[in-house]
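First chain A sits with chain B, and in the next complex the same chain sits with chain C.
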Partner chain A sequence: MNKLQKHINNSNISKFRLVFQILAFLLLIYGGYLSIDLGTSIPTFACPYNQECPGTCYLISAQHQVHNTWASLFGFRGKALLAGLLSFVLLFLILNKAWCGYICPLGTIQDWITKLRNRIGVSFSRYDDLSFKRLKTIKYVLLVLLLIIPLGMSNSIFGLPLLSHDLSAPFCQICPGRIITPLFVGDASQLFVDFTNATTMFMSSLGIIVLALFIVGSIFKKRFFCFFCPMSALHFLFSKIALLRLNKNGENCTKCGNCYRVCDVGIKAIAEDIDHSYIVKDDCMMCLKCIEACPENDCLKASFLTLPVFESTEEGFFSRNLHLDHEMQKPSQKVIEDEKD
Partner chain B sequence: MKKIENKRYERLSANSQKRLVIESDNVLHELQNESEDKITGLDYFYDVAGKFARGQLSAQEKKKYIATNCVQVPIELIYAADAIPIRICSGAYSMSQAGDGLLPAKSCSLVSATFGAIYTNSFPVDQEILSIITPTTCDQKKKLSEIPTGIDQPFYTLELPPAKDSEEAREYWYRSVKKFKRKLEKITGNRISRRRLKGAILKVAKAQQAFRNFHQLRKEQTIISGTNAILVANTFFYDDIESWTRHLNDLISELKQRSDRDQTVVENNNPRLLLTGSPSIFPNLKLPIMIEKMGGTIVVDEFCSSNRLLYDTVAVDEWNMYDMIPALADRYLKACTCPCFTPNPDRERKLLAYIKDFQVEGVVYQSFSGCQLYELESLRISRLLEEANIPMLYVETDYSPDDKGQLATRTEAFIESLKTNQHN
Partner chain C sequence: MEKFLVLILYFMVIGSNFSVFGSKILWLSNIPPAERQKEISTNGMHKLSSLNIGRGKVKIVQWVTIGENVFNSTYLKNSESRDNTIYCFTPHGDAQDCFMDSSKIYQELTFSNPIEGYYNLYLVKKKIRNDTLFIRTAKAELLNHSCRNGHKDVDKKILPRIYPEVIPLEITRQRNRLENLHFFMASGDKVCYKVYKSSKPLKDASITFISNQGWKKTVKSNDKGEAVIQVIQDYFSAWQDIDNRNIYTYLLLVEYTSEEQGIYKGESYGHTHYITSLSDGYYPSKVMYSSLSWALGLFLLCSIIAGGGVVYYRKRRTRIYREIRVDNK
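Our next item is the complex of A and B:
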C-alpha cells in the first residue's frame, strides 16, 4: 500500500486529469448515443440542450423546480424540490469541487483553450487582489437571481407584478453551455437571437455575448468563466462536508507561494493561509495542481474520507520536475523548434 | 605621489591575498584533522574551498564570470546566459582588514570583507569578472557600489523590494528580474532563450534535490558535524554546479553507508544546536568550530550561505518565458527569510519548524558587530524562543580572532548549561 501511495505521490496528476477530463467530456457530450441516463441532478454542466447529453445539469432542474407558486412549493412540489436537492448534494459530496476540475465540460473546454494558448506562447493574466475580491461575488448574485426569477414568474415578490414566462430558466438562456455543447454533436440550433419580443431578444443576445466573453476571456485568463459560475457558488455551500477533501498543514508551509503560482483560478489563500486545515475555497476546482507544485512533505493533501489520495512530497516534486529534464535531453522535434527562436 | 599610492595598493592587494591563503589553509587543516575517522566524500569540498582562497577556481576553463552578492540573485538566469555565477560575500579576515580602511568605523565584517575583496581585486577566479550584482538587501551591502575608491568595478544594483508579501512587492520584483535578464544578455552577449532558461532551472533543481536530501538525512541522524555541513553548502557558490551536485550525491551515499554501519563522527549525547544570524562564510568558521569543539553539535543552521541558499524551489506552470521568469523571481522572494524584509514572520516560523524537526535543544544567534538587521531581529527571535522554552545564546562577534577566548568561555558555559538541562 505504501509503495502504491508513493508511486501516486510521485506521479503527474495533471496528465491523469487530462485523460480523465477527455473521458468525462465524451460521456457528458455523447453519452446519449449509448442510452446512458445519469438523472436530473448532475452537479456540473451536463446540458440537455444537447440532445445526446446523458443527464441534466442540476441548475436546470432547480430553476424549473422553484418555478412554482408558494402554495405548491410547500406541498408536493416542494418534495420534488427537496428530492432533487438531496440527490444533487449526495452526488456532489462524493467528488466535492473536483466536479469542476475533472468533469465539467465547460471547464474542460477552457482548459483546452489554455493549452492552445500555452502552445502558441501567449501570456495569461491574473486579477489583482482587489478585482479578485470584487468579481468573486458575481457568482453568488447569479445564483440568487436564477432562483428568484423563476419564483417571481409564479409569485408576486414584494407586490411586484409577475415576471414574464419568457424568462423561464433564466440562467440557461445566458449559459454558454446551452450553445456550445450542442455544437459538439453538430447541432447549431441554439445559436440564434429570438426576435419574438423584447425579453427574448434581450436574453438570447445576452446569451451570445456571454458566449463570446467565454471564449475570448478564457484565452487571456485561465478558467475565466468558472469565476462567475453560479454552480460553483452552489457547490461551495456544501463543500465543507464533502468526502473528497483538500487539507493543508500550515506548520509545514514555508509560504514559498508555489501553489498560488500554479493555481488556475488564482486563489491566494492556498499559499497564505496557514491557520485553516480545510483549504477548499469557493473558486477552487480541486484540480490538485497546488499539491503537485508543493515541495514540502505532508503540507498539502487530498483525501477521500480518511484515505489519502494525493499528497505533496519533496520526492514527488522533484521527480515531476526532473522528468522534464530527461525529456529535454532527448533529441526531438522540440530542439529544432527551439533553435529557431 | 600617484606612484606611491599605486605601490601601496599593489602591496595591500598581494598581502591580503597571501593572508587569505594562510587563513583558509589553517581552517581547512583544523577541519581535516577534526577527527581520526575521515569522511572521504568531504575531500572534494575542502579542495574547492582551498582553490577558492587561491583564486584558482577556474584555472582551465575560459568562461564568463558574474560575481554576485547575497542570496537573492537569480543564478538560473546567469547560467541561462551561459555565464558562471560566483558569490563573493566574503568570510576572510584579511579582506575585512583591507576593506576597513575605506568604510565607516562600524561596518559589519562581512561587508568590509566583501568590499575588501572587490577593492583588492581578489576574486576567487583568475579571470575577468563581467559584473558585480548587488541586490538592495541591507544598507551596507547596497551602498558598496558607491564607495569612492578610484578603482572602477562593474557594479549592477538589482532592485529588491523591502517587503515580500504584498502584490506591489512582487510586481516590482518581477520587473526588476526582467530588467536583470536584459542586462545579463547585454553584458554576456548571449541571448537567454526559453530552452536555455528551462535547462538552467532544471540544473539548479538537481542541485536543490541533492541539497534537500542532505538536509533530510541530517534530520534523521547526526552523521556529519555542523561545521562541515556549513562548508559543504557554502562551496555551492564556488564551484561548477554540476560537479558540486555530483559530489554532494556521493557524499550522501557515503554518509548513508556510514550510518548503516553506525559509524558516526559525532557524539550522540551532545546538545543539539541550531545556528542562525549573520552567516558564517568560509574561512570565517570561527563560531561553528568553537561550538563543536566545546561539545555542542550544530544539527542545522539558518544561514543565507548554506540552508537558505538552495532550499526554496521554482514551480513553473507553463514553460514559456512569461511564466518562467515570475516563477524564478518568486523563488528568491516569497520564501526567503532574509531580515531585510519587513515584516518577516517566515523566519520565526522557519526557526520553530527547524527546532521541531531537528529536535534542537538550544539556539546560537550570531550577529556581526554592525550588522543591524540581524541585531534588530534578534530581539524578536529571543522573545520567540523564550516563549518556546528554548535557550538562546546571543553572540556578537566579527572576523578577528581576538575574541576567541571570550567566545570559548561563553559557548562552553552555554553548552554545559544545556547538558545540565538534559540531565534534569
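Our next item is the complex of A and C:
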C-alpha cells in the first residue's frame, strides 16, 4: 500500500488529468451516440442543447423546476425540485469541485485554449486582489438571478408584473456551452440572434457576446469563465460536506507561493491561509496542481473519505522536475511583476 | 365488375375532393372554440389545450372538427351526430379512458395525461352509403412533456405506436434519429410518414398534406408504406408580425378502398373505404426570425473589441515613463 501511495505521490497528476479530461469530454459530448443516459442532475456542463449529450446539466433542470407558482412549489412540484437537488448533491459529493477541474467540457475547452496560448507565446493575466474579490461575487449574482427569473415568470415578485416567457432558462440563453458544445457534433443551430422580439433579441445577443468574451478571455486568462460560473457557486454551497477533500497542514507550509503560481484560477489564499485545514475555496476546481507543485512533505493532501488520494512530498516535487519547469518559472516572474505594481 | 365499381367509387371520392362527406375532413383540433378560450389553458412544452381540474392537475382537451382544410373548418356540435367511437392510448400503449362531455356546446374529447410521451387519440365514425362502409378516423399524436419531469427513456416515450385491432388504417409520423421530447416541426422540415393497413405497411396509399393556409400536396407511399413530405412556408407576413410562438395546424389524410364485405348495424356492404386524418402542429421556420450572419458578425465585433481592449490595456501598462519637465518659474 505504501509503495502504491508513494508511486501516486510521485506521479504527474497533470498528465492523468489531461487523459481524464479528454475521456470525460468525449463522454459528455458524444455519449449520446452510445445511448448512454446520465440523468438530469449532472453537476457540470452536460449541455442538452447538444443532442448527443448523454445527460443534463443540473442548472437547466433547476431553472425549469423553479419555473412554477408558489402553490406548486410548496406542493407536488416542490418534491420534484427536492428530488432533483438531492440527486445533484449526491453526485456532487463524490467528486466535490473536481467536477470542474476534471469533467466540465467548458473547463476542458478553456484548458485547450490555454495550451494554444502557450504555443503562440501570449502571456496570461491575473486579477489584482481587489478585482479578484469584486469579480468573484458575480457568480453568486448569476446563481440568484437564474433562480429568481424563472420564479418571476410564474409569480409576481414584489408586486411586479410577470416576466416574459422568453426569459425561460435565462442562464442557458447566455451560457457559452449552449453554443459551443453542439458545434463539436457539427451542429451550429444555436449560433443565432433571435429577432422575434426585444427580449429574445437581447438574450440571444447577450449569449453571443458572452461567447466572444469566453473565447477571448480564455486566451488571456486561464479558466476565465470559471470565475463567473454559477455552477461553481452552487458547488461551493455543498463543498464542505463532500467526500473528496483538499486539506492543508499549515504547520508544514513555508509560504513559498508555488501553489498560487500554478493555480489556474489564481487563488492566493491557498498559499497564504495556514489557519484552516479545509482549503477548497469557491473558485477552486480541485485540479490538484497545487499539491503537485508543493515541495513540502505532508503539507497539501487530497483525501477521499479520509483515505489519502494524493499528497505533497518533497520527493514527488523533485521527481516531477517542477523546479526546472519553464512554465512554472514564467508565471512566478509575472507574479512578481504584478505584485510590484 | 366489382373492381370497376371500386375504381369508379375511388375516382368519385378523389375527384370530388372527398365529396362523399360533402368535401369535409374529420379531424381533431387543439385550438379551442371562442366560447371555451377563457377556461382553456395550455399544458406542457407542446401547448396542449388543457382544463385545470385543481391541485395542479389538468385534463387535455381536443375538439372534433370538420371541414375542407384547417382554415375552413367548423367545430362539431354536440347536437350533431355523435355516432362515434373514441380510443385513447398512453405512451406505454395501454388503453385509457377518454370522455366526450355532452353538456358542452361542442364535441370535445377529454383525457388525463399523467405519463410523459405520445398519447394517441382516435375518433372513429362509420357510415354505410352506396354499398360501401366509410370508416373515418381522426387521429392526433399528442406529446406530453415538461422538462421538470426529466428526460429518462426518451426513445421509448417518443416511439410511434399503432393499434391495428381497433384502427385498421393507421398513419404515423416517423421519428428521426435525434428526435427527443423537445421535438417541434417547422416549415421547411422534411417529414416521413408511414401508412399501415392492419399493421402491415401499405404501398401506393394516397397521402395528402394540407397546410394551415390550405396548401395541398398528395404523394404515394412506397414499398415500406412511407412517404416524405416537405412542409412549405405557406404564409409571408411582415417581418415584425412573425410570431414564432404560434403553432400552426396541418392535416394529413390517407385513403384506402378495399373489397372487404360485411354487415354494419344490420346493413350489409360490399366495399370498405377508409379515410384517416392526422392533425399536428408546426412552427414557422427558424430562418424567418433568427440570423446566423448577425450572430457571426456580433461575435467577431465583440471578439475584436475585447481582444483589442486587452492588448491596448497591456501596452498602456508597459509604456515607458516619459520625463516631464516643469518650469517652476
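Following the convention adopted for this analysis, the second predicted complex is superposed on the first by the 321 of 341 C-alpha atoms of A that agree within 3 Å, B and C clash if a C-alpha of one lies under 4 Å from a C-alpha of the other, contacts with A are read in each partner's own complex, and residues count from 1 in each chain.
In this section, a contact is a pair of C-beta atoms (placed from the backbone, for glycine too) under 8 Å apart; a residue touches a chain by one contact, two chains touch by 3 or more.
Treat the numbers as computed from the prediction; the structure is a model and nothing was measured.
After overlaying the two complexes on the shared chain, residue contacts for A:I209 are found with chain C alone; chain B is out of touch. Once chain A of one complex is fitted onto chain A of the other, the partner contacts of A:K79 are absent, as it touches neither chain B nor chain C. When the shared chain is aligned, chain B comes close enough to touch A:F318, but chain C does not. Between chain B and chain C, the partner in contact with more residues of chain A is C.
By the touch criterion stated above, A:H64 is placed in contact with chain C alone, chain B being left untouched.
In the superposition on chain A, A:D128 makes contact with chain B only, not with chain C.
In the superposed model, A:N258 makes contact with chain B only, not with chain C. Put simply, chain A uses residues 341 to touch chain B in one complex and chain C in the other. Only residues 55-56, 146-153, 155, 178, 180, 239, 242-245, 286, 289-292, 294-296, 298-303, 306-307, 310, 314, 317 of chain C touch chain A when the two sit together in their complex. Interface residues of chain A facing chain B in the complex, by the touch rule stated above, are 118, 121, 123-124, 128-129, 251-252, 254-259, 261-262, 271-272, 274, 289, 293, 295, 314, 317-318, 321-322, 324-325, 328, 335, 338, 341. Here chain B touches chain A in the complex through residues 165, 167, 193-195, 198-199, 202, 205-206, 208-209, 212, 216, 311-313, 315, 317-323, 326-327, 330-331, 334-335, 346, 349-350, 353, 356, going by the rule given at the top. Put simply, chain A touches chain C in their complex at residues 35, 37, 39-40, 48, 51-52, 56, 60-61, 64-65, 67-68, 71-72, 75-77, 80, 125, 188-189, 191-196, 204-205, 208-209, 211-213, 215-217, 219-220, 341.
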